[in-house]
Amino acid sequence: MASTKAWAVVAGVGPGTVAVLARNPSSYQDLVEDITKSGGHCIGISTDCSDSNSVKNAFSQIKAELSKTNSKLTAAIYNTGGKFVRKPFLKLTEDEFTAGYHSSTKGAFLFSQAALPLLLEATDAQHPPTLIFTGATAAIKSSPMLSTFAHVSYAKRSLSQSLAKEFGPKGVHVAHTIIDGIIDIPRTKQWKVSDFPDDKISPEAIADAYWYLHTQPRTCWTQEIDVRPYVEKW
Amino acid sequence: MASTKAWAVVAGVGPGTVAVLARNPSSYQDLVEDITKSGGHCIGISTDCSDSNSVKNAFSQIKAELSKTNSKLTAAIYNTGGKFVRKPFLKLTEDEFTAGYHSSTKGAFLFSQAALPLLLEATDAQHPPTLIFTGATAAIKSSPMLSTFAHVSYAKRSLSQSLAKEFGPKGVHVAHTIIDGIIDIPRTKQWKVSDFPDDKISPEAIADAYWYLHTQPRTCWTQEIDVRPYVEKW
Amino acid sequence: MASTKAWAVVAGVGPGTVAVLARNPSSYQDLVEDITKSGGHCIGISTDCSDSNSVKNAFSQIKAELSKTNSKLTAAIYNTGGKFVRKPFLKLTEDEFTAGYHSSTKGAFLFSQAALPLLLEATDAQHPPTLIFTGATAAIKSSPMLSTFAHVSYAKRSLSQSLAKEFGPKGVHVAHTIIDGIIDIPRTKQWKVSDFPDDKISPEAIADAYWYLHTQPRTCWTQEIDVRPYVEKW
Amino acid sequence: MASTKAWAVVAGVGPGTVAVLARNPSSYQDLVEDITKSGGHCIGISTDCSDSNSVKNAFSQIKAELSKTNSKLTAAIYNTGGKFVRKPFLKLTEDEFTAGYHSSTKGAFLFSQAALPLLLEATDAQHPPTLIFTGATAAIKSSPMLSTFAHVSYAKRSLSQSLAKEFGPKGVHVAHTIIDGIIDIPRTKQWKVSDFPDDKISPEAIADAYWYLHTQPRTCWTQEIDVRPYVEKW
């Protein structure tokens, strides 16, 4: 998931259909091909998550897909995109400080406003409709050089709680994940984390966590889950 | 699980074997019968969780079962037992205040000390060995009339964190659950929670959560998960 | 403080001098008069906290005051301004959602970047220099209809932690306050909070809290403090 | 305070009178002498905080002092005593694990039950009556080798919250402090904490914090405050 740099994955768009939203098509092309090859149906939609019109256009396409196949949207996942600068506070520019807010928090707002009306129509699905925000340890702990990342992570986590409380009783499961560790993707393959094996988070295991969250019945919903490798210090 | 009033479930005792520990045999007899009827193997062991000798005896029996079948312990679950008095603080007796500590926190200590050496031997199992503590919202929020319950819930949650940090790198997955809501069991059938359907937590869904935690690979372990019905306020 | 709608109070600007920053002069005129009458020196500076140039201009005036009197800035307080809309999530406009970020979080960033270099020059003052952010319960608890307020409150609290960790060792005391309750000011005089007397927070008591924070020696700094009336539920 | 190894300080026992409770008279003798020399009145009472009879006896003496001078109890402070073993979990004995509960948590219960009825009689004092629990970072963060200390610290913090919610509306201010760092006392004089000066917490500054908490009016009560040296990492 993270390996595709997609910032949003919209699942359940038609039987076996997945839509992947990312700014650059290069971020989702491999995934689209992989899913298509394995017999699934995957649409990539070039989207700038911080631009309300771009998000609206993406969801127009998704709605068109839904009506073509007479189906409903059952899962929407918002992954943090954005670039975060790690540097002394007094050296940050205003743009560096606020950049993450637009892609991460405002983007989460735009995405949620577009996805929730569709998810609300799917409350009779086998598994209740799910809106998941991918977060990080920076959502609960602030570091000295990472105010850029931490403040928008806190904000996004707060948004997930507000939405869970408002939309839970309406039948939409809203969850937030705290991914505490390095994800094991091609880009991080060579990174040294520790002297232990298996010290990076497997993307497949994250997918399992999201699938588990999605399949929880409404009598037993998780709002927040943390995941980390067994050797991670915290 | 809660319906059987068992305070500890020790799974993986031999192929398909489960041991259930509870003070009164009446607490586990139905469960033992149910599992046996459905083709599984379940042993009930009368145990006083707050008594170190009783816990040691229970684990001696479990070890005997393990060696009989040449197998390993792969999961141990500690459910809060104990009775908690809800009353004005100045009316609490010393025994009422401390009772829960013995059954809940000290019991969790005794259980963990007995289970961990066995779990450490099973780090090569298909799913890494798991120690789960069942907690409640009172583990993160104290109420005015429930200092009895809250203080031991905080203590047990703290214990789970210490153990996760010490035994995670050794290959044992330690997790804590926050069960926020009424569990849907015979005893609570008639309780009125809200005007909504499905407003109590399904025990099967809790079992699914525990199974999910147990099957997480060590690259992706959850330390804490909350579950609540979709209409629960929090 | 809140009664003046000032969003920033910059104390220690010269011996006994205070600068008050607010968008509308009407927000600080009364305060300036009050302080002047009682023998103090108070400067009001019309400032738009979400505009970096406006903040820079304000601090240029403050620096001019400082050099006139050959003195140092010893305390800077950032109060949340901004208006927050309480409404169902799907009815929020993008501007309504993001408005608070600009005034509250980005404003806190701009203010901190301008104030910290001056505070860093005052580490030899009798009381270590202090940067305080006024926060709310919404900084640690999200409500269903208040995602607007909560997400920026979380973000500001996160910023205060990052700054405390970076600038504490450099001699600047950074703190965050959680004001949990209604402040007793003219505008709230008629609000009914409870059946109890003294159920609103006295502004003088908040000022005492800030003064206490400011006078803490560097061996004993508080990063976060909550204050609420004795009858407040939480 | 910590330097005297006193586990409880009961202030306001008569005009200018303080009672200090500790198991060994050697823990309070110096303090009693110091206060007496400086013109105050200080009573040391040998008390085993984990023994209800001993605590009752101590408060009988305090009540006798109160009626002698026709005065009221206005402040009660519970400091953690007890010894905590830092060692691998599987090497802990049951006594080592539970020892801290008796002195720290059960002691806090016994102390609170004895102090609160007296504090409730002083709600008309100049400063509202105050009950303060001294806690540590271990009350919010569990370490791998310190489950002994952490679990009772969590429990005591939980107790302080329950009491604050129950007795706040009745006029008693209940607070909890998180002392994050080494206190600068004779015993720790030679300890190396960092390369910075002033890297240990001054006991006088802690006393100021407690005095500040005690003098807060009931419109503005703090439930929890953290204090740490400016160079402390957290």
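Think of it as A, B, C and D in the order they're written, each chain with its own count starting at 1.
Following the convention adopted for this analysis, a residue touches a chain if its C-beta (ideal position, glycine included) is under 8 Å from a C-beta of that chain, and two chains touch if they have at least 3 such contacts.
Worth saying up front: this structure is predicted, and the values here are computed from it rather than measured.
Participant: Over half of interface residue numbers shared between chain A and chain B means same, under half means different, so which is it?
Facilitator: same
Participant: For chain C and chain D, let me know how many angstrom lie between their CA-based centres, rounded off.
Facilitator: So the centroids are 32 Å from each other.
Participant: Mark out which residues of chain D touch at least two other chains, giving numbers and ranges.
Facilitator: Residues 165 of chain D each touch two or more of the other chains.
Participant: Strictly by the criterion at the top, what is the full list of touching chain pairs?
Facilitator: A-B, A-C, B-D, C-D
Participant: Quick check: in the complex, which residue numbers of chain B touch chain A?
Facilitator: Spelled out, the residues of chain B in touch with chain A are 128, 165, 168-169, 171, 173, 184, 196, 198-202, 205-206, 208-209, 212, 216-234.
Participant: Name, in rising order, each residue of chain A that touches chain C in their complex.
Facilitator: 52, 88-90, 92, 94, 97-98, 101, 105-106, 109-110, 112-113, 116-117, 141-147, 150-159, 161-163, 165-167
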